[in-house]
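In the two assemblies presented below, chain A is common to both, partnered first by chain B and then by chain C.
Then we have the complex of A and B:
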């Protein structure tokens, strides 16, 4: 392929009109879904990768349209009389499609990096997630190109591409994307390598498989069932993807966690540095309740920093789509240390649970610090969140009294309570 | 004059149906008109000459290259310009883009392709429209662009399959002038047509095909001389052609 032919393809490809749509989809899917990933490099990397799945559906349809252009333009005969092998003729076309796909992918990556840089601190986007995004782009382009070659209809290829690419959402083991990238996980090297190999195989098929209307002429491949063989190879490739293991695997805990200086301490994964301040503030609010009614652990750990078998490790906090999930974990950790260990009679379980749930809801609200942000709906079963919000807005000494009241009620309802 | 293409004992067909039967043909510089009724095998013969389809039987030599394999066919195609009957083009390409692309398909070296494309466009008098999109051109201009794509890089053998179909009289005259200039430059042109006027206007040599066989070969004057008394036709050449076909029973 000469640069000149590739340049001509870029200038004349119908995809040049699709590019703004692809870019708009990329940016819309990056920023339109959520923004909690901003400021955490692996989360930002996964967020930058995911739009490739969405605009890949459109890119695949475009690739099918572009690949079918030869047939629609009636150039089959001239190409059969060419000195170039068919794959050489297809290469600039597929390369042009890929170029448009990759160009559409770049703005999302750049935006993810720029908006994250200030909060995230040292580090950068993780290449493995970006490689996964590039895989998605190549997969979409190659699948579309192949479909466009194999079906001369205007619509069947696009529908086929949509079904193939959308189908992976139904089958987790063959997915080529991840929904998020929490720091406790990373893209599995073998799983990524197998996926790269698969998309390269698809790209090779897209280039080399003869189109439906091709004349094999002198080719030694005449009589060889190329398309069925390719279908078998593609299926084997998918099986390899499925057995290569999960796309995300656990990371070992960092040698040095990022911890606050205050007591109680807050320790989290270094990549989650932007949450250190907010979580420390949540812990400080819980710790500031007067009267010593609450018992806080000396250190609040983010999940994965210590072995799951460590005492209280089950209550270690996690960031699930941002820090909105953290007060719940902090509350659980505090309750586990504050509540006495009671043998609750079965006929008192409901009242007991109500007191515990009320205390839990209050601790979450106090920890979060903004009752209005959480709203009045939801909350633990049977708990009036308006009442909890009212309590959380009282002066601290009145709140401490309310907490002591709940703890006293727990001791009264539960039989044979012992302090922990 | 040395042959640019030699076909010996060519048999061609699709499935069990024979379309060309035991055909020998030498193509030399000049314009060879292939005349014959629909279904005579003209297009199949041109496709065989263009090495698009391998013959079922017989041998092909293009510019001395024995064409017996994919590799040899690709090598031979560097010497062949081919304008198929149903000429395809990308409507969004400009004339220059398309001819330049065809130069690449032909294997014209990259450093010579730009000049070759400009020369071919100039040859068919489309230089002023070289930046125009193909979809904006008239049928005649598109046909000239097709000829430019066939002659880009100046292959010694040019195959034109029914190139005047759908052209108005003025466009047909333009086309003939282009073919004459190719002839003047010692290019071997094979012109498949069922229009006897085209043959009369530009051909040095005529081959008449019927039912997959070459039933007659000679110059246009000889063809006119083959006319039988009372033969149908509006010109001596047409009457000669119709007489030949009647003799072959190809007019049924």
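Then we have the complex of A and C:
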């Protein structure tokens, strides 16, 4: 019986018009954005989860509109006299809303998995991120359903959208979404468990709480003040979500980092294996400068692979939205080992910084190997990136001479310098 | 004297059918949100290289005001009003203009008090923009669903409206207050919305019927 009502609800729900829109939104949000997340399982998982934030807004309002059909059709009284338990009446309606929300969520997940599989290697999408997305979809639908059932005002769907928007955006401790999923972090188990419990609580309220009785108003219909108790429980649930700790927590370093065979070595988190080739090539380009002007560390580590207290760990590289961020970290690591330790006189600091910044810009360009990708106007302050690009296009021995020239200038300006 | 009493009675009847009390409550709540968010930037998911966009809160705080103003045009007697004369349309225009001015005063004051004067100007511009969207939405889907087009506009602009540093030319909500172009665009959106309001009523049956019935 309930299954038949469910199918009827699917056919009759106003959300049937929204399904194609939601599916298009899901796919567009995944493919119509920067593609650096492709090929890294946790990043792909977080990217598949991201549309849930927008689904939450749409479904919050949609669920309130769907549940409010009872009021708009003038059936509030008849339903309150139903012989069936309230939750049995509500279940097909909420299930229909959820079906539309979750079905729209699936294409994005499938696409994220398919496009990542080739580069990402062993592993799969991380269920914790997907669970987080499902939680947000269910929470929004349950909240909207509950609001649409309890209040007959025409403004309830819009208010639900506003509550979902500002609640998720402004109240960071009760967020149900993450912006990215770098391998150094994972969804906290306790934080996710508390969120799942809260979502189930809200779904139970959406199903079981009796709506306003037109005859008795908001007074206690059956002796037990159900709605105030539910409000207290929902607030306690929100507090529990807030105190369950941050949504993303640091992961312990992997037992075996993924390292290149060349010298200097490059070591990455295994999930970032697609970057091993590009970063090794960057290091090889830095290492191939003749004349021994540069001192490279024996191993370049990705952040989080070794303790933050390790010497030079501050310059460990990070992938911030792809590998474009890596050259600046590599350059910092090389400069830290190459530059002498100088006591710079205060009146020479500007000239000294200019030389160091020029060297830094050159090393970034040499490492990345593509001036256009790094941008001509984004260099360090006071550095003419066109000049740096010109230097980087010279033969290697001339480039080495230029680097030696910068280092000599640094020594001269720095005055009292000691080699490291 | 009799004319004045009749007019007051008309106004009261109009107000009773048009959710004005609820609109006032909604405005109060939206003002509280605007005060709370006034000085903060929202960080939301986006398509650019960073994966997120940081935007002035007024890109979002203006939406509830616009939706309450346009949504309050919905009448509990909508089907009877299909047969109303030009006087109702005049009343609706006065109603909407009053609601919009009140909303502009509230969001402008709230944002200026907790944020900056420039932010207040942006808030008013965004209100004008979303009000146009909301009227168009009311026309397309029914006045109870005035929130759909503003929400769609917000989602599209938030996710695709910036390259991570600069907003695109069409992401008017992200533009700073001295961008004349964004004011022109907001005015054009409101003009579209008003045109949608002024168009003759649609028949309740046939192919031109709303996707969602008026009830």
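The criterion applied here is as follows: the second predicted complex is superposed on the first by the 402 of 420 C-alpha atoms of A that agree within 3 Å, B and C clash if a C-alpha of one lies under 4 Å from a C-alpha of the other, contacts with A are read in each partner's own complex, and residues count from 1 in each chain.
Throughout what follows, a residue touches a chain if its C-beta (ideal position, glycine included) is under 8 Å from a C-beta of that chain, and two chains touch if they have at least 3 such contacts.
Owing to the predicted nature of the structure, the values given are computational and were not obtained by experimental measurement.
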{"item": "Room on chain A for both chain B and chain C (clash or fit)", "value": "fit"}
{"item": "Geometry of the superposed three-chain model: angle at chain A (Cα centres of chain B and chain C, steps of 10 degrees)", "value": "50"}
{"item": "Contacts of A:414 with chain B and chain C, given as first, second, both or neither", "value": "neither"}
{"item": "Which of chain B and chain C A:76 touches, first, second, both or neither", "value": "first"}
{"item": "Chain B versus chain C as contact partner of A:8, first or second or both or neither", "value": "first"}
{"item": "Chain B versus chain C as contact partner of A:183, first or second or both or neither", "value": "neither"}
{"item": "Partner contacting more residues of chain A (chain B vs chain C)", "value": "C"}
{"item": "Chain B versus chain C as contact partner of A:54, first or second or both or neither", "value": "second"}
{"item": "Which of chain B and chain C A:133 touches, first, second, both or neither", "value": "neither"}
{"item": "Touching partner for A:84 - first (chain B), second (chain C), both, neither", "value": "first"}
{"item": "CA minimum distance (chain B, chain C), superposed complexes, angstrom", "value": "9"}
{"item": "Chain C-contacting residues of chain A that also contact chain B", "value": "14, 73"}
{"item": "Chain C contact footprint on chain A (complex, rising order)", "value": "14, 17, 25, 29, 32-34, 36-37, 50, 53-54, 57-58, 61, 65, 72-73, 153-155, 157-159, 161-162, 165-166, 169-170, 177, 179-180, 321-322, 324"}
{"item": "Chain B residues touching chain A - in the complex, by the definition given at the top", "value": "47, 50-54, 69-70, 73-75, 77-78, 80, 82, 84, 86-93, 97, 100-102, 104-107, 110, 113, 149"}
{"item": "Interfacial residue positions of chain A with respect to chain B in the complex", "value": "2, 4-5, 8, 11-12, 14, 69-70, 73-85, 89, 215, 217-220"}
{"item": "Of chain C, residues touching chain A in the complex", "value": "19, 22-23, 26, 29-30, 33, 36-37, 40, 42-52, 60, 63-64, 67-68, 71, 74, 143-148, 151, 155, 159-160, 211-212, 215"}
